[in-house]
Amino acid sequence: MLSTEIIYKIILILAVFTVTLVVALYSTFAERKVAAVLQDRYGPNRAGPLGMFQPFADGVKMFTKEEFIPGNADKQLFILGPSIAMLTCLMTGAVIPWGGDLTIGDYIFKLQVTDINIGILYLLGVVSVGVYGIMIGGWASNNKYSLLGALRASSQMISYEIAMGLALIALVMMTGSLSLGEIVRQQDEGLANIVYQPLGFLIFLVCAFAETNRAPFDLPETESELVGGYHTEFSSMKLGFYLFSEYINMFISSALIATLYFGGYNFPFQHSLGIEGNALSIVQTVVFFGKIFFFIFFYMWVRWTIPRFRYDQLMKLGWKTLIPLAILNLFITGIVIGFKNGFFN
Amino acid sequence: MEIIKGVPLTSYILLCSMLFSIGVLGVLYRRNALVIFMCIELMLNSVNLLLVAFSRYYSDSNAQVFVFFIMAVAAAEVSVGLAILMMIYRNTKTTDIDALNKLKF
Amino acid sequence: MNEIIIVASLGILTLLAEIFNFKKLILPLVVAGLAANIVVGIMEFDLASYYNDADTLRMIESDLYAKCFMMLLSIIALVWVLVNYNFFSDETNQTDHLALILFAIVGGFCMVAYTNFVMLFLGIEILSIPMYVLAGSNKRSLRSNEATLKYFLMGSFATGILLFGITLIYGSIGSFYVYDVRMKTASVDFTITPMFTIGVVMLIAAMAFKVSSAPFHFWAPDVYSGSPTSVTSFMATFVKTAAIAAFMRLFITAFPTAIESYKNVFFILIIASLFIGNIIAVFQTNAKRLLAYSSISHVGFMLLALLCLSEATSLKSLFFYTTAYSFTTLAAFLVLKIVSENASGDDDISVFNGLAQRNPLLAGTMTIALLSMAGIPPLSGFFAKYNMLFMALNHGYLWLVIIAILASLVGVYYYFKIIIAMFTRNSTDSTAIPLSLLQKSLLVLLMLIIITIGWNGWVFNLI
Amino acid sequence: MITQYLFYFLTFTAIFCALLVVFSKNPIYSALYLIVTFFATAGHYFLLNAQFLGAVHVIVYAGAIMVLFIYVIMMLNLNKEVEPHKSNIIKIAATVCGGILGLVLIAALRETELGEITEYSNNGIGLIEKLGNVLFGAYMVPFEISTVLFLSAMVGAVFLSKKNIH
């Protein structure tokens, strides 16, 4: 029993790991394709059919580039930076429920690596540790542009973490649970959380954009002001790690948005379709990935549509708009919950 | 669940005493205000760990709530402390506490 | 609890004043609020002895002790705000200063009324954090910077020690409630373990640090002399009163029986404070440093009350001593502030030269204050010291009384140094020092308080 | 058995990195080692079944406090060894003081007969529901009072860092 469980978990972890990497790999390709569509051009179409092998070509290019560490850089930290960035973004996948239960023989397998009862706190913890990858990398390069990029990135991430946390607290107040599995199950019984938390969703969405350093909040790496931001000095696979971690973050945060606010792997009328058991679970997983891909597309759509913020605008948005809004949201949620539980009678 | 088999409470007390002493040592040993401050955080951290161990020993949640307050205070202290350091750095361009010696007997 | 709510709301009101732009009104509002707080407190005073609010869930207790010290702290705070009216005149920082002071007052209230170590710890921190900031409120001055850094680093270090002490006591008792601690330690089968001893000693060390008792005093002279004079006077009066009250409360509520086991620690604290405070003060040329060392020596006297906890008069003596000490110190700092502002911020003792000719009211107040500190009858300082020593004598510490008297004789010397400077030396600058009406009335008021509160012992018998 | 190994591993990591915090020349290395120490402590929390505190510990200490530290180090650009050469006497004195304190603590607390934690089974004291009930029940007043602490820290930090117009 125990060994089956362990073997299954290992397989699941590897599967999640692989899927994350593959999705991130193809996100790079998708990004270029989406950009091309939005700008009315072709995009990459030479490598393989429809350019499908382009990501592998990019990967090979990254790997074979010269490994270069600047003379004044702090060598250990220079290597540590990208590693932490990669590590933290891969850790988040562990608590996301990817689908319903699978029943094989006597065993029930959950499509979730671990359903800890503090899932949301785990997420916040991992996200807050994610800053270190950028900070350490930018610091270790010993380059002014890198340092500025890292400073920008870290202050941006710290600032938006607050609003994100407040939005999540409102959600937690509503669901009464910190476990992601439980939150998804509740959305199966009732409506998706977006119905109850529209403002919270908007805040979370904006913060997710800022946390992943994606446009329109990609100030840490504004090429027109800061050359390449915190990864100016990085090359070869270390640069690859940084770029890749950005796409992984995008994937994971899309998955989170879907899980927290759009019912996770649930979809409307799923119990009246006449399928159940393993078949339903598989359909659910497919639907879940559909939602994720939509949000990834949304990320790209925004990137190629909205211009970049100025830094003071970014900070103003974070501190003077989002945080008060998040507090307002918290307040309203509290009052509504109070009414429902009869505190005011 | 994971119950700590065979780890006596005394081990935790000793661990925390060592961490605390290292923190004190750091405060006395270093001259850089930033590092001194980190060592103070280390001291608070050892207190937190000891409280959690005691809380487990007495099966009492009060100690864990106390840890909560210590964390809150540590965060508040850090924000003020770093603001002080920044202010001093603006004036003196150093964080070495020996550079500040205007007030001597 | 009411006091805490009133003052905290005043603090928030102050912050709102910055947003909604009624800054001109805020200082009168705060003064009125603090006065209202005192009135409410006095009206509730009779209730205090049996008023034990259950809804505060054994975290804060409004017993007579807490009530008396809260009133004392409120009055000190009100007088301090009036005395330092111009500390808030700077438009850009006015609300910051005021809000920080009000929050610090909340911390002080928590410290005198706690019944749980969490409240003690939070109270100390709420009091300390604004003080760290205010000590550095003169941002361009290197002396102020140094003061704030030293205060901050040593204060946080002491907090660490305090917490370790609390943790070890929790480890041996199993509760943070002071009355649980008392019950456990008073029971027959309680044996003092090494863990408990270390915990109590660490707690004593941390509290001794907060009251700036020698040998944990080393921060006080630097911080007192580096901070702006207004802030120094707050530290020397409000903070010290709150800290000593918290220290005392620790022993009357948590370990009333343990004091006998740790009296050697107190001997060291008292003797060191008396001697280091008085002897080093003799060599000071800076008035603020001198007052700092003198305050250390006063702590030595105050700690006598803790040592003789079982005497019936110990609480009364401590309360009277802190009252007399606080008003005396407020008066001394008010004069020092006016004089040193007149000498463009110089706070050397020489600024007092010839003060009697330049402004007799200032010189008179300073003389009364210094004589009271030295313990000359019939001023309140004399009665304060007399009560303390009488109590110690009753408790059988004749040798300690002799040491204390010897040490305070040294004190007379340096207090007289200033008095002589005021009356016999000639100043380089002989222009008269102008005083506003508020300052004049405050000086007269403080002088009256110093002279009269010792008579017929009504303050003494309040508690 | 495995928890015992974990305990020793985490303990070793915590103490080793704590020593490195003190003895690293470069402040940023001190900060990074401190982060590792914090993670080791968080591991201890999880071992002690205080998951909630463990997670909060990571968020607060590693995620907020140490980020601020590193941020300040970066802003001040303390890249080089800023520490001037201190006389060895002070260093030796400090080491002796710290060592004596450690020895005294260990010698005195070593004797504590409190038994093992094993006997006290898991009754969920570290779980968030239980903690929430205590925090918003018995500790309501301190919880509210701590808001004053945060306000004063906020006002203080802003006050110290804003530039005065003189």
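Some points to look at:
Residue numbering begins at 1 within each chain, and the chains themselves are lettered A, B, C and D in the order written.
Throughout what follows, a residue touches a chain if its C-beta (ideal position, glycine included) is under 8 Å from a C-beta of that chain, and two chains touch if they have at least 3 such contacts.
All figures in this text were calculated on a predicted structure; none of them were measured in a lab.
Using CA-based centroids throughout, the chain positioned farthest away from chain A is C. Centroid to centroid, with C-alpha atoms defining each point, chain A and chain C lie 53 Å apart.
Chain C and chain D, compared by their mean Cα positions, are separated by 31 Å. Separating the centre of chain A from that of chain D, both taken as means of CA atoms, is a distance of 29 Å. Rounded to a whole number, the gap between the C-alpha centres of chain B and chain D is 5 angstrom.
Within chain C, contacts with two or more other chains are made by residues 118, 122, 125, 129, 132-133, 136, 139-140, 171, 195.
Counting partner chains per residue, chain D has residues 52, 56, 64, 73, 75, 105, 109, 112, 114, 138-139, 142, 146, 149, 152-153, 156-157, 160 touching two or more of them. For chain A, the set of residues that touch two or more other chains is empty. By the contact rule set out at the top, the touching chain pairs are A-D, B-C, B-D, C-D. Residues of chain D touching chain B in their complex: 1, 3-4, 7, 11, 14-15, 18-19, 21-22, 27, 30-31, 34, 37-38, 41, 44-50, 52-53, 56-57, 60-61, 64-65, 68-69, 72-73, 75-76, 78, 82-84, 86, 91, 93-95, 97-99, 101-102, 105-106, 109-110, 112, 114-118, 120-123, 125-126, 130-131, 134-135, 138-139, 142, 146, 149-150, 152-154, 156-157, 160-161. Across the complex, chain D is touched by residues 1, 4, 8, 11-12, 15, 56-60, 92-93, 96, 99-100, 103-104, 106-107, 110, 116, 118-119, 122-123, 125-126, 129-130, 132-133, 136-137, 139-140, 168, 171, 193-195, 197-198 of chain C. Within the complex, the chain A residues that touch chain D are 77, 116-118, 121-122, 124-125, 127-129, 131-132, 135-136, 138-139, 142, 147, 150-151, 154-155, 158, 161, 178.
Across the complex, chain C is touched by residues 104-105, 108-109, 111-112, 114, 137-142, 145-146, 148-149, 151-153, 155-160, 164-165 of chain D.
By the touch criterion given at the top, residues 1-15, 17-26, 28-32, 34-35, 37-39, 41-42, 45, 48-49, 52-53, 55-62, 64-65, 67-69, 71-80, 82-87, 89, 94-96, 98 of chain B touch chain D in their complex.
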